[in-house]
Amino acid sequence: MYVVKSPLSDADLKIVGEALQGALVDLIDLSLLAKQVHWNVVGSRFRSIHLQLDEVVAVARVHSDTVAERASALGVSPDGRAATVAGASGLGTVPEGWIKDADAVGALVSALGAAITRMRGRVEATEQPDPVSQDIFIGITADLEKHHWMFQAENV
Amino acid sequence: MYVVKSPLSDADLKIVGEALQGALVDLIDLSLLAKQVHWNVVGSRFRSIHLQLDEVVAVARVHSDTVAERASALGVSPDGRAATVAGASGLGTVPEGWIKDADAVGALVSALGAAITRMRGRVEATEQPDPVSQDIFIGITADLEKHHWMFQAENV
Amino acid sequence: MYVVKSPLSDADLKIVGEALQGALVDLIDLSLLAKQVHWNVVGSRFRSIHLQLDEVVAVARVHSDTVAERASALGVSPDGRAATVAGASGLGTVPEGWIKDADAVGALVSALGAAITRMRGRVEATEQPDPVSQDIFIGITADLEKHHWMFQAENV
Amino acid sequence: MYVVKSPLSDADLKIVGEALQGALVDLIDLSLLAKQVHWNVVGSRFRSIHLQLDEVVAVARVHSDTVAERASALGVSPDGRAATVAGASGLGTVPEGWIKDADAVGALVSALGAAITRMRGRVEATEQPDPVSQDIFIGITADLEKHHWMFQAENV
Amino acid sequence: MYVVKSPLSDADLKIVGEALQGALVDLIDLSLLAKQVHWNVVGSRFRSIHLQLDEVVAVARVHSDTVAERASALGVSPDGRAATVAGASGLGTVPEGWIKDADAVGALVSALGAAITRMRGRVEATEQPDPVSQDIFIGITADLEKHHWMFQAENV
Amino acid sequence: MYVVKSPLSDADLKIVGEALQGALVDLIDLSLLAKQVHWNVVGSRFRSIHLQLDEVVAVARVHSDTVAERASALGVSPDGRAATVAGASGLGTVPEGWIKDADAVGALVSALGAAITRMRGRVEATEQPDPVSQDIFIGITADLEKHHWMFQAENV
Amino acid sequence: MYVVKSPLSDADLKIVGEALQGALVDLIDLSLLAKQVHWNVVGSRFRSIHLQLDEVVAVARVHSDTVAERASALGVSPDGRAATVAGASGLGTVPEGWIKDADAVGALVSALGAAITRMRGRVEATEQPDPVSQDIFIGITADLEKHHWMFQAENV
Amino acid sequence: MYVVKSPLSDADLKIVGEALQGALVDLIDLSLLAKQVHWNVVGSRFRSIHLQLDEVVAVARVHSDTVAERASALGVSPDGRAATVAGASGLGTVPEGWIKDADAVGALVSALGAAITRMRGRVEATEQPDPVSQDIFIGITADLEKHHWMFQAENV
Amino acid sequence: MYVVKSPLSDADLKIVGEALQGALVDLIDLSLLAKQVHWNVVGSRFRSIHLQLDEVVAVARVHSDTVAERASALGVSPDGRAATVAGASGLGTVPEGWIKDADAVGALVSALGAAITRMRGRVEATEQPDPVSQDIFIGITADLEKHHWMFQAENV
Amino acid sequence: MYVVKSPLSDADLKIVGEALQGALVDLIDLSLLAKQVHWNVVGSRFRSIHLQLDEVVAVARVHSDTVAERASALGVSPDGRAATVAGASGLGTVPEGWIKDADAVGALVSALGAAITRMRGRVEATEQPDPVSQDIFIGITADLEKHHWMFQAENV
Amino acid sequence: MYVVKSPLSDADLKIVGEALQGALVDLIDLSLLAKQVHWNVVGSRFRSIHLQLDEVVAVARVHSDTVAERASALGVSPDGRAATVAGASGLGTVPEGWIKDADAVGALVSALGAAITRMRGRVEATEQPDPVSQDIFIGITADLEKHHWMFQAENV
Amino acid sequence: MYVVKSPLSDADLKIVGEALQGALVDLIDLSLLAKQVHWNVVGSRFRSIHLQLDEVVAVARVHSDTVAERASALGVSPDGRAATVAGASGLGTVPEGWIKDADAVGALVSALGAAITRMRGRVEATEQPDPVSQDIFIGITADLEKHHWMFQAENV
């Protein structure tokens, strides 16, 4: 059995490990969900939103890799398999089929909003046990809130 | 209701649409599954396999985008959401937790093998109805078989 | 008199040569027509369509060069002069003067639709006489259908 | 006291120096004003205008550096401090707070329009005293008029 | 009806607009004509001329875009459609079919010569009404005369 | 009226919003002030300081964009207009006209010193209400203190 | 003994494997032969042909790697050793020593002609057993025929 | 005597200065030690570890520069001379001469483990006196722990 | 005898040809003279001036190529041979041997000053006969005056 | 008959020419042999060796081009045809078919060892007759010995 | 026990091995010492010297890697550990703490002077036993002497 | 008076200094002479030779900088002023005015031939006094002889 010599106590590791696993699932789901809308959006704003969503996908992919590798670095096996994501994501889902541009923007406002609330919880939860992981969550939150703003500004 | 003027007949479109949707699910699953092993592999070959898996992820992501956009181009709404992938993928799954290097290689040989068999079926199925989609499947198969070879050669 | 030793029989060469010449004219016209709209489009979607059209221009220019050089490679002199394009293009024309954004999108949907129908005919016609030329037409069709989708999705 | 050996007569230098100082102030103000709207624009065209404004900022920054260094090269100390810009700019201002997309476009049409009128005056004023500075103003005018067109075309 | 607030008077605009439209047609035709020779040239100097012609094409494409957008910036709708180019170009034409290298060089000397004469006329015509457009024509003339020299030097 | 769903309480938002607005004004002023000295510095160290100041400008521009967009992301409209900067900056000013190299360095030591004191106040003020904004201020402080050191070291 | 689980039946594999091995040998020989002429060509067209031949070398090297790895991917060990190439190539040879430019061009016309005939045979032979390998041969044929044309056009 | 106007109190500066000096020594030693193993490793995993160690060297070099310049920015003279590093490093040493691959990995696991423990102490020590320096230590710790994981995973 | 069909009359050509030949000689001499000082400068400002001079060299080389090719384009054979440059340059010379930094700066101020005076004469002389050549001289003058300023500012 | 005016005497030229021809044959064979193993290697170290061999191929290709062009530069016609390489190489051969990773490494150790011995002989032989060619052989030897070391270190 | 089959005799290897080990120690020490001054230099020439020293560091790092790998290639284990460098370097040391710019330049003149004397001894010592290593020492000496010149020229 | 502490004895320095000064003059002259022909060549091979000459110019410029800086590094002031080059170059001259392509090639064969003979003399002369300078001359000779071959091969 593989055991990493973790720099954290068991109690701290449990808190941090759960935060990282939760973030991983949310971020993978965000990348899949943004791609889904990227392919299915229709309406006069198609091209703009189509491109904007690929930036969300890129951000979500980079951050999901960071949190998964952070979990591994602490000795916690990350789980980013499809079924795990489908079962545990906290982002809600997007409807099947074509989606009108305004609805597409709304879907992202909603998904990013949910992701932010949960990520801010992780920032708080990990402050004491592991400032290194906290710093990663802070950086992710900044990016999510930036994209959240841009989609909100678009549906005015 | 959004309707693309498809260049294919309804019958042909049904065959091609199913092939594209099936390929999309397999390729997204391949990208998730390869990332999962990328994070969880352990053993003396860790670094080599860790890097190799990111090449599989990159290939799977590029091709999944191509097949999804091809479906949209034919007027078929693609579905790449987490639950759809979890439910419909034909690649089998990888075990939870850390995975020894030889097992990691074996898991990829198996997943790629399953993906190839299904992709070759799509090459055959789409030859008559849509040589454009077939050409995409042929290109994907070439890449999958190349990676399949490299993992097989590694487990000798 | 310059004579290339063509790898095709005279009968096959006639079919393939006509397909290549037809494609050349359509693709040059597409590049001119897309530039025309790129300069003349007005309306709130101006910038998005202006940029999108330059992608169409780039695709059309690359493919027109490929089909013209393919004709030369088979010993058939390609003709891409302005008068030939003006006389033989199958894409219809775009109106003179400023064009509103929705009309601009509609003009591209129409021009790309015409180009696709003709290009698919060439895919079929060249399958037997020259699979090498057919493969080029297949690749062009994929690109045209992708852009066709994006303009259609924008006018919903 | 620092004195550059200027290639111009005192009378010519006065005209050219004032033209350069005036252009500097306008261009810095344009860069600040375009950034202001870049951050505050809301509405369905948010993303397109947000990106477009950063191109204006980039152009304004490059040109403001050129005219300031041109002034220095002629021995005239350029003044681009905040208070000078706030006091001397001829571009008008943009309102405080969030700004709707159509209003944002309108604000730029107006600011660019004012900048162009003044810049054309400098082209005329400097023709005799310094064709080198005139050439710089001509190039700036070309860029301003190009952006002016694009914002005008967007508010149709 | 779309109306740009032009910085020029109506009389000046007429002169400048005609100059820009004329330049647009010549430059598009030059790009088509140079590509035509690029594909059809034969003879021992094939490769050198084939490559040289693509540089002419690149120059002609960049400048045609600049003059068309300059027309739009002044509120004059540019017309670069195939039929317009075929009907209004002042460059003469190139013969159908394969063309020997020395003839290819001669054809370019002739086409560039015609383009230069007309472009120099535009430099003169626009000096008073619009030095900004004049500056663009001056830059184009410099490039055309450079290429003209190189083809002339080659046919000695 | 545009309202972003801010992740912060009203009380926290007030503190953080003021910190971001204050930082925005200081950073824009720093960019203008550093450019002013960049153009007006004279003396044997001219070139070195001229180049060094452009690095300060680049840093100030990047950070001003980040804090303005952070304000927008929290639903606070940022104000970076010339008059606002002229009125609210806490950096002091630089004298009109040419500036000797040693004075130029001294002016930057002073401006950066003022900016740092204020930025450290923002790091402290935002720790509780918004660790995400605090992290941005920490990064900015690091950069400002690095440049502060380099100018101090130069005036020994 | 190493055994790849080939996606092809034994009969199909035999046909495809022979085609790939034959292509490998031809392409390596083409790369060596083109380099040989690259070094030994003399005459007034030296530089042009010298550069052109390096493009042939680059194309031949890339394609030889592709077909060899394709063979490995199907479980067929590729053989690209010097003696194998010397014994089995179907391209003929080039004479020892310096070679005049016109003869150099003629040698390439002849070698490429032989390579094309054989490659077209492989396109035909692999259509049924393995469309994936066929697609690779089609792409190679397109490149060879393009270079064949350019050398033919040069010897007119 | 050169005195930087430090933003920290003397008491805080002492704590932070010692932390930065300690980090500097550890990071330089890590870069030397990783290079030492990079050159001396032998065994079947030679190439993989040889490359992996250069990534550690790059990370250690970048971070050592950052902490040294941070010390300077606070007015504390950094000391990274060979004798200081040899005397004060907390990483232990690596044996003289060739080193088997598994031992090489073990040596890095041990050195990185020591570096991490000490770096985490600095994160804690600097939280109150200087969050800016703390943020730097947090970033370094994240990188060290990532590399620590990868070497641990390799020796399973 | 080689004769280019010049777009200028004989009288105009004489004026423009002399201006271009004069500029060529000055610019080549400037490049040689700046390199000379680049190698021979000594003193505490060595590195700064050494680098600055290479920027002058780069500018002088680019412009000398432009004016020489402009002469060729007009059918005037340019002469940039060493003896011609040594005999006809209007820049004065720099002393043999090592040169102190302040003297180096002074030498460049003097050489650039001479070059500018002559170049401004060419701007004036060519305005009527050839605005295309004039535009080139204007651009060169702008660059020379920029460098002139920077060296002057350095010797305060 | 083509005769280069060689800078060497006939006697020296004979020695140097033979050394260059011998090096050419060895280096081409090394590139072919390394590619052969690149395609045929199997075993757990597959990926690492597969990549490492492409670095050997790249080095061998670059150096073979250098020595062949060096021969041409001295007036000696180089011979790098397949049959010449097969007949004259001094590197031994590699077995047909799949090759286990340890054997692959051994094969390279052996081939590189042979190449080095011969190359060192050429360094010695050419010192007097042509230090320019000797310098090339010295550089090649350094590269070969570096790769030799890495393969040796891998088979411990 | 690991034994490389060295191309040198034992006697030659001893000489060359000592030269390489000595060079390694000097070059690592040079890189540390130059970084030390890079961080601690103060005075009006701070920025110029700060940047110049990073070029020395870069050169020293590249060359130290080359000589260490050269030692390994010959079968001699290189030793670049901190204690070895501290004990065996022949470069002298630099003082603790801040260092005035003129002293910084002087310290580098001295360290480079010492390094050059020793490196020239190695060029001489290795000429007979190993011209390959000698060639490396020659290249290093050229770089060291270039930097030595530049620092000397700066302290005039 | 500036005195570099040269690593060479006075006698050796005299020999090496003269060799470097001689090489400097030849290489600058080669760069001027090649540019002269680059601008004046006419004939059907114009474009090929025009491009080839710019490669000679680039090589000559890089090497002239290297030998001049090498002289400075040894404490010998280099002299690359126009009059020195005109007076001391050993390359002969090229005729005034337009030059036919075959004559252009002949002029380069002659100039490069003269340069090579002199450079080989420097290789011999500096072997004992300074192997570092010799190594530079060897590298230059290799480049000159390569270009010499290519021009010779072209005039067959």
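Labels A, B, C, D, E, F, G, H, I, J, K and L are assigned to the chains in the order they are written; within every chain, residues are numbered from 1.
Definition applied: contacts are C-beta pairs under 8 Å (C-beta built on N, C-alpha and C of every residue); 3 or more make two chains touch, one makes a residue touch a chain.
Please read these numbers as outputs of a predicted model, since none were measured by experiment.
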item	value
Graph separation of chain G and chain J (steps between touching chains)	1
Neighbouring chains shared between chain E and chain H, ordered by label	none
Third chains touching both chain G and chain D	C, E
Which of A-H and A-C has more C-beta contact pairs	A-H
Repeated interface matching G-J, over half of the contact pairs identical, chosen among A-C, I-L or A-F	I-L
Cα-centroid distance, chain C relative to chain K, in whole angstrom	62
Distance between chain centroids, defined by C-alpha means - chain F, chain L (Å)	52
Mean-CA-position distance for chain K and chain J (Å)	31
Between chain J and chain B, distance of the C-alpha-averaged centres to the nearest whole Å	42
Multi-partner residues of chain E (at least 2 other chains)	2, 42, 45, 48, 69, 72, 135, 153, 156
Touching pairs - complete list by chain label	A-B, A-C, A-D, A-F, A-H, B-C, B-G, B-H, B-J, C-D, C-E, C-G, D-E, D-F, D-I, E-G, E-I, E-L, F-H, F-I, F-K, G-J, G-L, H-J, H-K, I-K, I-L, J-K, J-L, K-L
Residue ranges of chain E in contact with chain I within the complex	113, 116-117, 120, 123, 127, 134-135, 138-139, 141-142, 145-146, 148-149, 152-153, 156
Contact set on chain E toward chain C in their complex	2, 28-29, 32-33, 35-36, 39-40, 42, 65, 68-69, 71-72, 77-83, 85-87, 89, 93-94, 96-98
Contact set on chain A toward chain C in their complex	41-48, 50, 100
Complex interface listing, chain J residues touching chain L	2, 4-5, 7, 69-70, 72-75, 131-132, 135-136
Chain A contact footprint on chain C (complex, rising order)	45, 48-49, 52, 102, 150, 153-156
